[in-house]
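First subunit A sits with subunit B, and in the next complex the same chain sits with subunit C.
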Partner chain A sequence: MPKCIIDGREVEFTPGQNLIDVAKSAGIEIPFFCYHPGLSVVAQCRMCAVEIEKFPKLQTACSTPATEGMVVKTQSDKVKQNQKSVMEFLLINHPLDCPVCDKSGECDLQDQSYGYGSAYMRTSEERRTYVDLDMGPVIQKNMNRCIHCTRCIRFGDEVAGIREMVAIQRGNNTEITTIDGKQLQTEYAGNYADICPTGSLTLKDFRFKKRAWFLKKTPTICEGCSRGCSLELQHEANVIYRCIARENKEVNKHWICDEGRFNYHYVQESDRITEPAVKQGTALQMSAWKQAVLSAREAVAGKKVAVLVGSDLTQEEAAMVQQFAKSKLASAPVFHFGTPGVESAKDDDAADSLLKRKSKTANLHGMEKLGIAPFTAMPSGVHAAIVFRGGRAQLPTLAVSTRIGVGVFKRSESLEFEAVLPGTAFAEKDGTIVNFMGMEQRLKRAIAAPRECKSLSEILMMWTNL
Partner chain B sequence: MAESTQMFKPHFTEEARGLAYYLGKMNGYAALKKALAMTPEAIIDEMKKSNMRGRGGAGFPTGVKWGFIPKQSPKPKYLVCNADESEPGTFKDRDIMRYTPHLLIEGMLIGGHAIGAATGYIYIRGEYVREAKLLNEAIDEAYAKGYLGKNILGTGFNFDLTVHRGAGAYICGEETALLNSLEGKRGEPRVKPPFPAQSGAFAGPTIVNNVETLAAVPMIINNGGEWFAKLGRLEKSGGTRLISVSGHVKKPGVYELDAGSVTIRELIYNVCGGILGDKKLKAVIPGGSSAPVLSADEIDVIYDIEPLMKIGSMMGSAALMVVSEDYCVVRLLKRITKFYAHESCGQCTPCREGCKWMEDILHRLEDGHGREQDLALLLDIADNINGKTLCALGDAAAGPVSSFVKKFRADFEAHIRGGKCPNA
Partner chain C sequence: MIVKNRPGIFQRFYLLEALKGLRITITKVFQKKVTIQYPEERREYSDRFRGMHYIKSVNGVENCTACMLCPTVCPAECIHIEAGERPDKEKYPVKFEIDSLRCCFCGMCEEACPKDAIKLSNIYEMSQTTREAWDKDYLMEQRGHK
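So, the complex of A and B:
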């Protein structure tokens, strides 16, 4: 591999790599704002300028590929002076409203002020201000905080495939906004907030909910479709506040869709059944675990049973259900369900040109791996169905007289059920899911299951041993 | 001061405009015939020998620039004429386009042949409404006579030429911003590399040349590169220069002088008749408003690229602005800085934020609300912009600020201490 010299250290690089990435691989940080590994290079913020031997002027590290024998200095007086000056320039018009800014604590501008800026302000001129238009339900805009890095413009144009963010006006009055002030159209709008290096574009959903530094972060996988994008669930005191994309070069690069980003909300919705429930009269009533399990068992006793597993279950859970059906339900047939019209891997195509897949559950491909057949219609002679669900699989029509639910159900969709034994959603358990590429990925437990919800293994244990 | 060769100036008359005059009195399109019989390499060689240095402002050797065009390219090549002429104080290209448009057309044809381009664009500043119309008329004439279009002069050489009008942004005189604007995009400079010679208009190899540069090409081909080089009195700078003189002189206007044949003092006092009202000279801006200012005791410098560079200023677009003792230099600098702040495209941090900051400070200062520390701050901001921006506009804004504050510090201090302009 070719080598260059950064701050006196020999560093290997792959031809084509820029100096920011090469330096990073050697543990040397070159600060930047406008550069983003998933977007084109514009060299606008000038923060990453470094000194390169034989070049009279500072060169931007983002736009300079490393070459064999290149000698780079990232710590020289000239470089440091430039960083200090760029920080000063960026702050003369920034409102410095960090105390009430949602980005505070995870803000590139704030962090780099701390690292490279000055504690003193030399400007006394009036700050530039803008009037902001509503950008739709996902993004809250605050143009006063913007540092004109244009990441958002490039994201729309190059990744989301829609040119909706633009720069209007010119020079010091440049405003980053949507074309004609329209609301954002893309179904990937949340990424605007992820990539914004300041609090200029933030998530409405997260607005004033939690200071970023209180959030605990759990890396996990999205259960929104069969792609299985890498996510980070951010939570505190057992409440999820936000979900952001995690970099995964093979699956989702740096991005996630809004559906996946906001999917977690159902986990903590008030309509979710979080206590064992048994039908009494016409309505489901809260009950104790023992009574609920006994009622459920009694309801299906002596009946011919079919077992339905949502393709939102993990491999471990689905295998457990298979075994349970075989040994405890007299080899009742097991079917998977999830997305109407997407019964098998063959039906699971790309749903758009970026990330989304047609299967709206994460583990359709895992179900096939386990040899579970898709649910099409209730086999004749079956009078009872036990439905296992992770929370996202869409319930099929159940043409039976007795229905038992195990897992995550809403009250509104369980009116016809004899009993519901509340289980865990994707954020509350560990497990394996298989995406459409056949990649096995791990769900990680971010929060504890609410109230009386129990893991599937516990519920099946009770069913078997009570 | 010897007589200068007059290639352009005598033809800057209304009668010169048509093709008939061009063919009859200016040996029109003879150079094209000669050039089409030459190989592209031979033309580029001739350009190199001529010591023609780009007349737009940077002074880059034109032959060398043409040599950067790759011989083989999967994409079409383009020749673009930069007729944006927006550096304040510059108005020489206007005369070429107004009076001798065929010189430019013929120059572009030869350039197109030299670099292997079949398409040319003249990107003209939006304010030049009349010149755009005249150019289009001349282009129509050339098409009608077969100097433009397919199979030109029966040689198989094709060349199409289109006039594209800008929308009034100074930054579109920067060649990559010009190309963006030409492509219908926002007029913002591009990151370099790649340079236009590798990837320019529509991602094809592109050469961008100034109007005067291209208009001189027929004369270089007719008379030879060496003839042109010898017109210049100094090494490495050939030909004549069209100089736009403005400000407080008795005879402002466009002058044509052999490159390096006069000092600034001779130019002001002998050529332009001295200072208006016989006042004392205060300052000279030698190369368009972005050139660092010269004080009255620096004007014995030869008016050419290298001598001006040596004393820390620049020849730029050869636009000399003369300022007499009556005019407030603080006000002048504020106006210049306001221009660059207004024309900054807003892409890169130092220029977007710094130019406006300097303007704000100067505004205060001129109004008498300056503070002692403002001068050091101005110098520091200019330093932080200079050489650190995406394109040269930052340097263009920083140069005047540093030079004015350093050379006329007493005037600035008088504003600060007196709380108002001493001349007011």
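So, the complex of A and C:
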């Protein structure tokens, strides 16, 4: 591999890599604003300028590919002077509203102002202000904080495939806005907030909910569709506050769709059944675990049972249910259900040009791997169904007299159930899911199960041993 | 360990000791008094005394923007803030509670505040008949003599 010298250290690189990435691999930080590994390079912010031997002027590291024998200095006086000047230039118009801004704590501008800027301000002029138009339900805009990195413009253009953000006016009056002040159309709008290096574009959903530094971060996998994008759940004190994309070059690069980003809300919705419930008369009544399990077992006793597994369960859970059906339910037939119209891996196509897949449950391909048949119609003679569900699979219409639900159910969905035994959702369990490429990815537990919810293994243990 | 103080021959003759004690009492009567008549009389405290918190407000609008720096810095974790939005202010504390029983009056919240909103007053009488935490409205009223 070719080598170049950065700050006196020999660093190996693959040809075509730019200096920011090469320096990063050696543990040397070059500050930048407009560069993003998932977007094209524009070299607009000038923050990453470094000194290269035999070049008369500073070169932007983001747009300069490393070459054999290149000698780069990132700490020279010239570079430091440039960084300081760029920081001062960017902060001329940046309001000092970090206490109000949701980005503070994870803000590139804040960090780099602290690291490379000056503590003093030499200008006394008024800062420019803008009136912001509504950007739709996902993104809150505050143009005053913008530093014109144009990451958002490039994201819409290059990734989301819809040109909706533009820069109008010039120089100091530049305004980044949607075309004609329209609301954002893309289904990937949450990424605008992720890539914005300042608090210019923030999530409405997360607005003023929590400061970034309080949040604990758990890397996990999205269960929104069969792609299985890498997510980071951010939570504190057992409440999930936000969900952002995690870099995964093979699956989702740096992006996630809004559906996956806001999918976690059902986990802590008030409509979710979090205590074991048994049907009494016409309504479901809260009861103790022991009673609920006993009455659920009684309801299916002596009947021919079919087991339905939601394709949003993990591999481990599905295998456990398979075994349970075989040994404890007299080899009852096991089917999987999930998205209507997408019964098997053959039906699971790309739903759009970027990430979304047609199967709206994560583990459809894993179910097939386990040899579970898709649910089409109830086999004849079956009078009871036990439905295992992770929270996202859509319940099919069941032509049976007795239904038992195990897993995550909403109160409104489960009116016809004899009993519901509350289980855990994707943020509350560890497990493996298989995405459409056949990649096995790990779900990681972020929060504890609410109230009386128990894991599937515990529920099945109670069912067999009580 | 129990120390047994065996009185000597002069101590056992109690009258002398009693007179000694009486001499101290009588001299103290004519000296300057160290006690004060508390509710009527009050001791002067330094301006830097750290008493009960208050939220500074200008024209009835609290200075606080719910930036959460005080709960971040608080070593006793006694400050609980919920942020919200209202037409006249982009971000304001919907809920601002101080659990006075946990508070150690270190004054770090005052030091961390970028908006000069949370301050410690001179008020040192903080006994209450209820167990409620100090809420925002209550804290905005308290100012001591500051």
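Here, the second predicted complex is superposed on the first by the 466 of 466 C-alpha atoms of A that agree within 3 Å, B and C clash if a C-alpha of one lies under 4 Å from a C-alpha of the other, contacts with A are read in each partner's own complex, and residues count from 1 in each chain.
One rule holds in what follows: contacts are C-beta pairs under 8 Å (C-beta built on N, C-alpha and C of every residue); 3 or more make two chains touch, one makes a residue touch a chain.
What you see is a predicted model, and the numbers here were worked out from it, not measured in a lab.
Contacts of A:98 after superposition: subunit C is touched, whereas subunit B is not reached. Residue contacts after overlaying the shared chain place A:282 against neither subunit B nor subunit C. By the touch criterion defined above, A:214 reaches subunit C but does not reach subunit B. Contact with subunit B, but none with subunit C, is seen for A:172 once the two complexes are overlaid on the shared chain. One of subunit B and subunit C touches more residues of subunit A, and that partner is B.
Against subunit A, in their complex, subunit B makes its touches with residues 169, 186, 191, 341-357, 360-361, 364, 377, 384, 387-390.
Taken together, the subunit C residues at the contact with subunit A in this complex read 65-69, 72, 83-85, 90-91, 114-115.
Touching subunit C in their complex are the following residues of subunit A: 97-100, 104, 207-209, 211, 213-214.
If you check the complex, the residues on subunit A that touch subunit B are 41-47, 49, 57-58, 60, 63, 81-82, 85-86, 88-90, 92-93, 122-123, 125-126, 147-148, 150, 167, 169-174.
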